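Each of the next two complexes has chain A plus one other chain: chain B in the first, chain C in the second.
Let's look at the complex of A and B:
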């Protein structure tokens, strides 16, 4: 079978969809209050830097996923168990995304459907697309990239012409708040959503134009940061910091307020669709990363065979991990502050340093 | 139509599978055997002649209806009266040479040396001349006979543009395309397929424009087909398709010569099959099925608007009833309250759930449509009036369905006719039922998920190696000017990226023809 390849625009679309994923719908960076949109932009350079770190490692080992070069750099005895750590984290985080989508759907209109049904329908779609391979996945994301952009433009436009935007909710930013802006930018927003790009270490080996990787990645991250920041600024300006921090899904609350000329109203479907699409692509990439790393660690020749088991684990973890949504959010905070930074930033930086040292002193055989 | 593998067929006449009896020196013997092998068929005509000295006998054979009568008569009367032979006692060999020379003036002649080739030639419309005391004969190409004349296209109607369409005759069809592309680079290869039917199949492409790999792939696929019959291009379509389990067609068919010509100029390849007016075009992409040739004859702005309308119709015909069912079942808040109250009061007397109502109407609609196609055209109108008006109106009054439902289903039905390609419209018709079911079960969420799976499936398809969703996915910015919208002709100067022949980048044809634009 020929090697599957993805092009620059496909990677671009995948990164944007991944970044927007759930981040566009759920509230992020609560500490910074109404300056969350600045926090997103402040975290952007860190995000790009992190992605450059992944691309550096990818350039050194263009055919390997993260677990592959971890073993190369740190040796088999340290590298293997260390990369094994990625599996539970990836599946758990994929499950979290699924849980968020399921909970939004249940709270919006499926109050009598069990979350298991909702989540398993989504996971079936993920299984299908992963079974078709990364190439098909990347082409699908190209199409949905345009769809998301168009839907985003429509919903933001509608909110603005409905006259809901109040700039007094965004400004002024007091000097004291800048510290909070930094605090929520690093490490929280830096890790979620930018640090989660560590999943792309599994996708990059399929990228065909190696020299365009930096530009593509940085462009995609910047675009998604601008979109995220803009959307959250709109959400914040419409809802105010108070409601923004209390609602589970600020974007959803915002869109229900829209009423243009008694005709354009009840656009909730747009938000739900955005979240479904976002979660679908984000979770698929999580599952794909988990599948690739498992295949690499356990020497499975046909990674496709792992799609069903891995997706089943994600499905299972999505509804057993927390009893209810507040618990889920609380878990998320702990997870985001303690576990995710270790895998998204610490291990890659460690790999980078060790690699430099080993190469400098010629300790590679 | 039973399609068996060739080896198992007893009544086979293929020359390869069994050895052929020779042509006997005794004319009567040969004639008798050929008669027998054709099952004493009455349409085999045999005329016998003799030379002036009554020494030599000659037989002329042809099959009624397959040959051009005038041509045969002319040949027979002029050549085989043997008046020009001056010799007293010509030998059979002399006659053979004489007849062969004369045959040159009629058409392609060929020497036949065994009975199988005699039969094969007879059945493809040749005239055979056999000589007494000689173990070979002559076959002259005289094929002709009755055929439908070139008429207006019936399945792909347009307002502006050429009115002719293909016929059942392969020769006529190729000529219709040649008339449009007067270029020596229009190359046509012909092969015979079907071990029993011996159908002529031609592959046409423009040398230098079509991709060589695609051509090789098609040749290989056609060579791999082993069936006993090819009665329509649909057989070939189904046999060479890569995705047998997909509801979407991955080969385009048309009965319009201008459409074939346009597609050939785009670098695609056409497959003509003798006996059918439908020509296959490949590689096909999803968006081809929503374009018509007329798009290029009308002004670009009009065309663009109409194309957008077609894609809206696609969405309506695919998701229309599903969204209605989902909104009524799960998302009542999406419908403005006054309208919702209206719907509710309409449905007050209706005993069924919404999904049953939709399915009842949809199935009725499909029945009317299917019956309308098979009916003689005079009655077809009546059926649609009875079905549409009477059934719809009566069903509402009887309280089986609600009026709003009739509107939704009929809008969907009409939208599906806006898809120019019939085979694509069929797929959409079937998928609509699936999506409606899902919507009834889980609402808009289900529609979104099915939509995702559908798009993923479309992205996974390939037609002769070309991604089905190109040039949208993979995205090619330069090729966007002829997909959802159509740019003015003077902007359309480049060829499709994925169809382009890399070795000869379209130079040959463009220079010699001076064509400024392409489709």
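Let's look at the complex of A and C:
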């Protein structure tokens, strides 16, 4: 079988969609209050640095996913169990994204539909596209990138011309608040959404133009950071820090306020679509990463066969992970602070250091 | 091959069942669309009487002409400890499920407003059907239910009529403004207090519920936008009327357009100036522990009518008129400010402004902001410009000898 390849723009689109994913619809970095948009920008350099780390490791081992070079660098006996840790985290986090989307859809419009039905429909779409392969997936993301950009522009434009934006909700930022800005940027926003790019270690081996990787990645991350920051700034300026901090779905609340000349109103569908598209891509990449790491660890010849089992696990974990949305959010906080940084930052840094040391002293056979 | 075809068919059928989105379906003819909600207190007892104004589709459609003789709306009400409870209890009287996505108006009865409105609005935030941008009114001297029951002329739907009345008057006269649920919630959570529009009934309430009341050119009853209700800690404590309420709007920078009558050289208040632009800038700071409010108003107007002779071609005369406008505006704003100080309520968002710009100073006064506000000083500056005198310069009216 021919190796599947992705081009630079396709990777670019995938990263942007992945970053926007859920981060654009849920409130992030609550600690920094009305300056959340600055936090997002402050966390950007850290995010790019992290991605550079992943690309460095990728350049060293261009054909391997993260579990592959973990075993190369740390040896089979440490590397294998360490890579195994990625599986529960990836499936759990994929499940979390699914759960979040399901819960938000139910509380915003599908109040009578069971969450099982909504989540199953979404996961079936993910199964289908992953079964078609990463190449099909990347081409899809190319199309949806434009769709998301256009919808984002329409929603933001409409909110602005409706005269809802009040810049006094964003300024001034007082000296004491800068500390909080920094605190919520590192590690929280740095890990979610930037650190989650660790999933792309499973996608990168398919990238065909190796020398363009740095530029593509950094560009995509910067663009998505700007979009995120802008959207959250608009949300904050419309809703004010009080409502923003209490709402579960700020973007939806914001769009319901739109009323342009008693004619342009109820644009909820745009936001719901943004949510569904974002979550679809984010979850697919999580599932894909889980599939390829599993295939690598257990030497499965055809990763496709793993799509249905892995996605079923994701679907299952989306239910059993939490009883209700508040529990889900609290779990998320613990997960984000204690587990995710370990896999997104600590292990890659460890690999990087060990790899440098081993290469320096020629300890590779 | 055959089994694959069967599988494909099964997938197609199951998809068409699930993906059509019928799980959540509600048919239009099974819904009762609520256009307005009225909330009243139950004399002393905890709980609410909630009144729903439901659109009667067969008699409110305009294309068909009034086919039936029913009124365009139906009123249903229910009492319960919570608003949602009342809304579900109302099903005992309604033939269809109440549907709230098109609710444009929320009316609060005066007696409920006096006991407090803080807990009413949670359902508007939490529900995905009710909208945060529905307008809020307080019914003055009457309960909310009677306002909802009134039929209106020109507009078939009474809540639409009230809404348009409110928008119209805030657009051209400026004593009222469209206050939404969103603004009220921000007012409750913010550091300052807030105001809500008042609505009043003039005429016989009982007659106004009948369609026959509309069958004469001068309707027997009508509703009237009347002043701003002042809320302190979520409770209605008083009303601002006339110049006081317009002064409030001026201070809040919510004035679109209005009319100011200024004195001509001979007569009092006989020149009508249409103010079509007004911009208010507010700065708040503490000086020696006392808040000082720097308010700067810039306004532009057109002379629309003169009652006596004034030589509008002369720059000097115009300057005198501009000064007259400044004087009138400052008077109204001062009246509003003094009324608010007397009630010890900061309805001008000044506390929020201080908190935003000088959080350290805010810490000092936040314990007792309302008394600090009451002792605050107003530093008011008004600049008025006359941009045009209409189609004529000098009036035809001869100058007095």
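Just so we're on the same page, the second predicted complex is superposed on the first by the 365 of 365 C-alpha atoms of A that agree within 3 Å, B and C clash if a C-alpha of one lies under 4 Å from a C-alpha of the other, contacts with A are read in each partner's own complex, and residues count from 1 in each chain.
Going forward, contacts are C-beta pairs under 8 Å (C-beta built on N, C-alpha and C of every residue); 3 or more make two chains touch, one makes a residue touch a chain.
Because the structure is a prediction, the values reported are computed rather than measured.
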Given the superposition on chain A, which partner contacts more residues in chain A: chain B or chain C?
-> B
In the superposed arrangement, which partner chain does A:228 touch: chain B (first), chain C (second), both, or neither?
-> neither
Would you check which partner chain A:276 touches, where first means chain B only, second means chain C only, and both and neither mean what they say?
-> first
Examine A:121 and indicate which partner it touches, taking first as chain B and second as chain C; both and neither are also allowed.
-> both
Could you say whether A:107 touches chain B, chain C, both of them, or neither, answering first, second, both or neither?
-> second
Regarding the shared-chain residue A:174, is it in contact with chain B (first), chain C (second), both, or neither?
-> second
Pick one for A:259: touches chain B only (first), chain C only (second), both, or neither.
-> second
Of the partners chain B and chain C, which touch A:295 in the superposed model: first, second, both, neither?
-> neither
Shared chain A footprint, chain B vs chain C, residue numbers 109-110, 113, 117, 121, 266
Would you tell me which residues of chain C are touching chain A in their complex?
-> 18-19, 23-24, 101, 125, 128, 131-133, 182, 185-186, 189-190, 356-357, 359
Going by the contact rule at the top, pick out the chain A residues touching chain C in the complex.
-> 107-114, 117, 121, 168, 172, 174, 176, 240, 242-243, 246-247, 252-253, 256-257, 259, 266
Footprint of chain A on chain B - complex, ascending = 330-331, 333-334, 336, 442-446, 448-449, 452-453, 455-457, 459-460, 467, 469, 472-475
Under the touch definition given earlier, write down the residues of chain A that touch chain B in their complex.
-> 7, 9-10, 13, 105, 109-110, 113, 117-118, 121-122, 124-125, 128-129, 132-133, 136-137, 139-140, 142-144, 265-266, 268-269, 272-273, 276-277, 280
